[in-house]
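As written, the chains take the letters A, B and C, and residue 1 is the first residue of each chain.
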Amino acid sequence: MKNILLVFALLVTTLAAPVLAQDDMMMRWDGADDLDVNPLSCPGADMMEGDGGMMDMPEYDGGQPTDAPDLMGADITLVDIPKLIGIGYFAATTKGQAQAAEELGNVMVTTDAPTEANIDDQITFIENYITRGVDGILFAANDPVAIAPVLTRALEQGIHVVGYDANSEPHAREWFVNQAEFNGIAKGLMDALAEEKGEDASFGIVTSTFTTPNQARWIAEMWAYTNECYPDMTWLETVEAQEDAILSFNQATTLINKYGDDLDALFGMTSVATPQSAEAVTQAGLCGEVAVVGLATPNAMRPYVQAECVKSVVLWNPVDLGYASVYVMRAVVDGELKPGDSSVSAGRLGDLQVVNGSEVLLGPPFVFNIDNVEEFDF
Amino acid sequence: MSGRSEAGVASLQRVTPVRMALILISLVMLIAWAVLPWIHQPELGPTLARVIAAERSANELDIQRQGLSLPPIAALVALGVAFWSVLSPQLSRALALVMLVAGLLGLVYHVTFFVDLAESGRNELLGSMGAGFWLTLVAGVALMAQFALPRKVVPGHEINKVLGHQESVLALGILALVIVVGLLNPRYVADRNISEILQGNAYIAVAAIGVSMVIISGNIDISVGSLIGVLGIISGAMVVAGYPVWLSWLTPLVLGALVGSLIGFLVAWLRIPSIIVTLGMLSILKGGLLIFTNAEWITGMPTEYALSQQKPLGIPMGVYIMLVLTLIAAWWLRNSATGRAIYAVGGNAEAARLSGISERRIIMSVFIINGVFVGIASVMFATQLQVIQATVPPNLELVIITASVVGGVSILGGTGTVIGSTLAAILLNTIRSAMVFINVSPFWLQAVQGVLILATVLVDILRRRRQLT
Amino acid sequence: MNEAGQTRRPGSRFHDLLFSQEGVLLVILVLSVLLLSTRTDVFLTVDNLLNQGRLLTEIGLLALPMTYIIITGGIDLSVGSIFGLSAIMLGHSWQNWGLPLEYAIFVALLTGVLCGLVNGLFIVRVGVPPLIMTLATLALFRGMALGISQGRSARGYPDWFLELGAGEFLGVPNQLWILVLAAVIAAFILARTVFGRSLYAIGNNELGARFSGIPVGRNKLLIYTFSGLMAGLGGYIFVSRVTTTRSDMGTGHELDVIAAVVLGGTSIFGGTGSIAGTMIGVVLIQLLKNGLALTGVTGDATIVVIGTVLIFAILVNNYVQRRRSGESGAGAA
């Protein structure tokens, strides 16, 4: 009995050591995942928007399906497997896909995905659809590496694979519809904050989990961009809140309570965290005092934007993202988008550019505010 | 009955654990009040001197701003009650009630100033030491502890008996955390944060009341998380569709009872182990939720629907609901025939049967009651925010069950109280919030939570062993 | 069983087998497979079934010790977290400590064993109820995985390492061989050894088992450690299959595993159960998920069906068992 307690005490101490050894640097989780960051130039410097690697167009680095049947112009059946179902963001991409399918007339697309953002379940879903036999798979990966083997298997079976929202390793899919470059999002967010709260603002971040690749990349880019352009800003803390509304609200409230006056702004890194951060600020009666900047969908943000609690929200249009993904898939199947091409036409979105070898760029992220929030419904 | 009166006589000369705890809590509070602000703003001098200075300047707003006036009053009242009750223990329960009233009065007093303060900016709000909540916290703990007070006086060392109940352990754990973290970062004990701590897990506490009863009866319910999600969505969908608000609040309770009776029927009459029934229910409800909602979140509820966002007297509605339901349930479990039968069925089903208790009827009622509590929890859940999510919070059922078992409900059935589970639910949120405040690296947060749960359980086990020897 | 021997009809051996827990479940399994195969022709193919075998291996491995544990009346909710922690330790010790990958695999298994040992020690020596202990370590181990990895994933494994997860031997996925081997050994130990029988005794009456000289503590310690080992092995196989490690791997596995075990006829109160039943449970759930997906049922509807099947399978089994015990003259307890 005593021994066990000793073991327990030891366990606690060993655990406590790294916990207590964390200095402030560790608090400020900067999304580091050993990948290179590529911050854009600061505002005011020469506007060289979109210069990231556009000069020398890299080689196509996507994969190709083996012996894909020739389905040019034929009816095709697609399946869309996002990270999870049950959140507004992917409901919006699904909507865009349905719009594209209706316009094209020869595409059938259904969405099916796990109820939690779980890579294991997502793999199982993809396996099942490979077996069932579809013409193309659209995906948003829960993990870029873990999803690669199963996507490769799909390619080997002659199934076309196009990603959107969250990429996989390039060789495991043909194309990836990139909603916005990571550094572009980071710049958009930080500039919005600087404009609202000044270049010496201090802020906290509410994200989904530390292991979600997109969010980790954005935060890493934000960190790099802040160091470069806003050295006087104070990066307080990053907290996890899953993709859960209540938890996001509680975590945002805790940050507000913890930092009090020292907190100028909250960043929401997901379409769930941002509205709930705004809700937390609203319920705390701190509208205007604490700014909320983040990525979110207009419908969720409308009340806060209209109440002028949130000045501006950065987002690409997820409906357009879903829409583009179906058009890209159609173009791939019809042979209109081949390795080496530099653009692809995507219905009402016009011509989309190819970047980074095998990515189709949706366009610059846009900012919506009280003037234009009414124009969007998704 | 005779045991009860004997105990009354025996405890007359004794310092009972609860009173001991009261005294300790009050002393700690008093010391914390005297020392906390001083440590953080040493240039302003000793707390008492500040209060006296402020009183002299007759600027009550100043006193309020510094959050200084009420804690000593609260602590002194509590101390008085504690000492008095040592002398005449028969009065203790009544006195605890008096304290609660005093606490609420103090709160009203406090809140009236807050209304003024709200207009003068947020700095003052945050600087306040949260006197009202100190008061209600102590009063609430005292009242809960009174319910938990044993009728029988166990011979042994006094200090052992202070830790004589899981409830006291949890209450002390909460207080210790609040005080320690408050020392490190005074904003932790600001009204707003204490309010968040109490409110944040209120719906979990309410659900845990029902689940505790289920566990006490020797069963388990792991479908609660999904059920909360489903009922919340239904409630929100109804109010958005134009049904009256009261009906939208009431329907989840009725539906919860219906689902509960279905589970109860499967468990009691068809004899399927409850873990299997509810494991199945978990999947059915979770999947059904997504089919029903088509994965779309519900928004645009009318403001009067937002029950959890209402704040009578400055305290979130959820806290009232949680406290009232906990006390009612605790009283009912303790004193009603059915309540006692639940313990009997969970402790020894055979003996219960022999003594004429219908096991089936009891299990059926337990699951129906659980359904109602889950229904209430789902309304609290749904009305907390401007949206109702179409997904169930991850691991919600595990959090609820954790609250129950950490609260001292034995998973083998037969023992436990709902006061413990409510305190445990509050403790879990206290921990979550504290982790952020004392800068525990977010990566280690979950691990620390695990250790703390384990520590609570170990203290409980040690305590029980010591009682046996 | 007392009078059953005398009233037994000829040919009742088959009758017994068919109407045993496992028999009934097997019938349900066969029926659902047949039903599903009429709906789609890609379901009942060797390729698909073998592929499903690959996917169910991890759950299957976790389900073996879980059967033991539930038979003794315990439970282990921390398996999913041990699974994740082992996976993280594998990647971490390889990439950050610079260990050769072979040793890193060993580290992963060792991590699993240690975690299981911690569970076991607290449960046996301190007397923490298994549910509470493993509820705490569910958070603890997951938290350690996150803390150690700092949220980073380890990737870039060499090809030989991925062979286990992606390759096949004699046309059957590699990991399926491991699962079959482990299941056979586990079944043999449970049914034919003193140790195995003692688990039933512990589950039926722990105090009685103690008094009759069974080393209850040691045996329980062993099975919780075994559970950790299998979680470590599962984690290793999973990393090898998905070619990366993440700290959230295995989240929610505990409920899947428990569902499979109880579906397989193991009583949650302890004392009864078998490895065969568990394996049928694992296969049934996996094939239902797969078959329904192939026939065009979406994921959300699938979990509704799984939940219903879980309840109904037990319902049918209960009914059959009660009638059976009624037939053979033994009153239902």
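Brief remarks follow.
The rule we apply is simple: a contact is a pair of C-beta atoms (placed from the backbone, for glycine too) under 8 Å apart; a residue touches a chain by one contact, two chains touch by 3 or more.
Treat the numbers as computed from the prediction; the structure is a model and nothing was measured.
In summary, the chains found to touch both chain B and chain C are A. Counting C-beta pairs in contact across A-C and across A-B gives the higher total for A-B.
Averaging C-alpha coordinates per chain places the centre of chain A 37 Å away from that of chain B. In chain B, the residues that touch at least two other chains are 286-287, 290, 441, 443-445, 447-448, 451, 454, 458. Annotation for chain C: residues touching 2 or more other chains are 122, 126, 144, 146-147, 150-151, 299-300, 303. Residues of chain A found to touch two or more other chains are 5, 8, 11, 15, 18-19, 29, 85, 115-116, 210. Across the complex, chain B is touched by residues 5, 8, 11-12, 15, 18-19, 22, 24, 26-27, 29, 84-88, 90-91, 115-116, 210, 237-240, 242-247, 249-251, 253-255, 257-261, 272, 275-276, 279, 283-286, 289, 299-300, 303 of chain A.
Listing the residues of chain A that touch chain C in their complex gives 1, 3-5, 7-8, 11, 15, 18-19, 29, 32-34, 85, 110, 112-116, 118-121, 123-125, 127-129, 131-133, 143, 145-149, 209-211, 216.
The touching residues of chain C, counted against chain B in their complex, run 77, 122, 126-129, 131-133, 135-144, 146-147, 150-151, 255, 258-259, 262-263, 267-269, 299-311, 314-315, 318. Within the complex formed with chain A, the residues of chain B that make contact are 118, 122-123, 126, 185, 187-188, 190, 192-193, 196, 200, 286-287, 290, 293-297, 299, 309, 381, 384-387, 389-391, 393-394, 429, 432-433, 436-437, 439-445, 447-448, 451, 454-455, 458. Within the complex formed with chain A, the residues of chain C that make contact are 40, 42-43, 47-48, 51, 55, 118, 121-122, 125-126, 144, 146-147, 150-153, 155, 162, 166, 238, 241-244, 246-252, 289-290, 293-294, 296, 298-300, 303.
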